[in-house]
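Order as written gives the chain letters A, B and C; numbering starts at 1 within each chain.
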């Protein structure tokens, strides 16, 4: 039985049409979304095939989509004939150290800016905020010269081709301090005051009250910093010239120079570099998503 | 046990002076209530005493010692926060033990004191729960337990009941008073709720815009308010204020309002002829509580009278709103009184229930 | 008359026992004591910030009046670097390239990201899957992303050209021709940045109060109209912030130029940072690199202050 509208419009028919257009719209939406997923993921998947093929088969015509056998020669070459493992270890040392050091100094400074009072606080914070996004690219020359000169002053701890020189300049991140300050300010001020009344020193308040409550923010900042340094290219490129301190991004770029035609090797290197991070990402995707947006959106 | 003295305490935030030269003395073991509307500086005074804010000028003494420049913990004052400020990641036990562990007391002593406090506040069953698993009243008790374990000499409470629902608030009020009687610790209690202030305080300090208005017992602040602000702030509905002029006529105080004249016995009001004469040529306000007015339908010429505007029955009472010229007076009547809207009524009151406020809003009776 | 006056009898306990001088001294002592932990907390960051950010910034200004200094001794040249900046063809070209790149990249990535975020916001099913999938390019370091695009776009061996060939189309010279090369770099950066901006705008869209949307629905506004009339205006402050951030990020274009084109063909893809890098480490006209760095520095700091000053003003309202 159909419901007749007074002026004779079939309401059921209208509803059916409405549902139809809605379904069509949603189908179109998902088609567009699917297309972008393909564009996003496709190029990454594309690396898999050449990585498992002999380089000469890459020229075959018509193009070959799938390797006909799992050729592991590219990986073997990478692991035995190049310093790939060394670069990988260096990258881990580099990215982890920068992450840990900046987490410590950023949370401490964020706490000071959020909860402590001292003369000139506003001015100092304003200055730091102004340098929030200063890229290493704009400070390449003075920082390079500084690290070169610091070699003498720090007894080789910070210098060209040293881990100190690679790591320490990258640990300065006003953005991290800013994020941590913003987070600590969202914690109820009463907790901090209660702890003060209870006799806790700033250090005890920081370690026993504030730090346990800001675990999520620390994880987010940690991922953010780690990802940034994992991908860092310009600074390691400038500061390292030897394989002892060279990281993956720079190492693979040198591979590209040496083996322009040896695509299989480069594809394998790319695959090996991004596979672990993708694995980690799939486990902790929620945190990653937060970290990426937090970097810019945390106000 | 301690006496707290505040001398000319002033606090400014930027250009904003929130506490203006406030002086008061809290006796040892007293329960003193700081009362006032929001923004009157009452919480700031409490925070200054606790050491959470830096004093701009003036002195704070606890047990005769100036504590302005003493760390909060060394002032031996415990603070109960409005939202309790329990550490959310610690169990009740850990919360209560925190001040003791901070003081690096031996483990057995911590355990003993925590259990003792848990027993006093009936928290034994809740010791291993997290604050998020507790009800409002329970959190309140944990906050109190955490405050008492340090054996403070002063209790500072910042609206500790305002986050509880009405029923629980009344119950907790009684518990707080019992706790105070039991421990006898000097307590300064901040609230904006005049019922709380009336029922709990031995004395009430009323503040407005950072300035002291009156320090007195609850009854005195109600019966003999120091100024029109206190008169309107204490009591619901507030004291009626009617404008007029005063003069001395044949040994009687004559109050001349808009269209009426009342003769009052100034001796019963505790006034002297000199006081009356000093306010002769200014507009003063006559203050009388709703329950002290008698309403009658017999209206004589020259009497205070008005027209009934509307009625507010509350069950126990009937509040009658009477329009007197431009002004309105509220009269408390028996709930069953037969009063019609629109009728003309006369208002009568006796001299001992009347307060007079000068043009500067302060009570003419300087002993108030 | 007032309460305070009435207490005249008891006035003795109200008298201050410290003189103003004593009060001031005790107070500053007390405050000074409070500063000790501040140094502990702020010290490490402040030290590193001064040494590796503040000092290099000031130093770079000094350097911009110098030349040499990397392998030889620095030589003071006054305003020479600055005056030569605009007459250097390569720098002008780099600026122009960077500007074109920034404009096209931001316009493309923002319109795509807004569309996708809008679609995701109204099609809730599978939202998480799409978020994760779109995030993937962000995991690939720019340098590796460059490699991948190199594979995709190579004239002879790139998969796109192989497909074009197989379908009897003419092959495209992605990296060897202008303006193709710059457009290839743009598409690489769009590909890499898309996921981030989708998440950014989605977060913004989801913060729009739902009663606003519901009210518009009741008023009969269609989804496109709702997006244009409600979502976009509400997002506008966020959008402006995003544009500034994107400007700062994209102005630093370097990695993909280094991997894909090395600035070529015929300076078709030189960028500002690439120019700085090349001047510095190919040791040619270092002074010009110094001055350009300061220029970049000024742009970044001004944009940052604008973005956050703007945000601060917004949060005050």
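Things worth noting here:
The rule is short, and it goes like this: a residue touches a chain if its C-beta (ideal position, glycine included) is under 8 Å from a C-beta of that chain, and two chains touch if they have at least 3 such contacts.
Only a predicted model underlies this, so the values are computations on that prediction, with no experimental measurement involved.
Judged by the touch criterion defined above, the protein chains are all mutually in contact, each touching every other. No other two chains have as many C-beta pairs in contact as A-C. Inter-chain centre distance (chain A to chain B, centres taken as mean C-alpha positions): 57 Å. Chain A and chain C, compared by their mean Cα positions, are separated by 14 Å. Not a single residue position of chain A touches two or more of the other chains. Counting only residues that touch two or more partner chains, chain B has none. The part of chain A that touches chain B in the complex is made up of residues 188, 190-191, 193-200, 204, 208-209, 212-213. Against chain C, in their complex, chain A makes its touches with residues 25-26, 29-30, 32-33, 36-37, 39-41, 43-44, 46-47, 50, 58-59, 61-63, 104-106, 108-109, 111-113, 116-118, 127-135, 137-146, 168-169, 171-172, 174, 177, 201-203, 206, 227, 230-234, 237-238, 248-249, 252-253, 256, 263, 266-267, 270, 273-274, 277-278, 281-282, 285, 288-289, 292-293, 296-297, 299. Remark: chain C residues 1-4, 6-7, 10, 13-18, 23, 26-27, 29-31 touch chain B in the complex.
Put simply, chain B touches chain C in their complex at residues 5, 7-8, 23, 25, 54-55, 57-59, 66, 68-69, 212-215, 226-227, 358, 360, 362, 366-367. Residues of chain B touching chain A in their complex: 50-52, 72-73, 77-79, 81-89, 98-99, 102-103, 146, 150.
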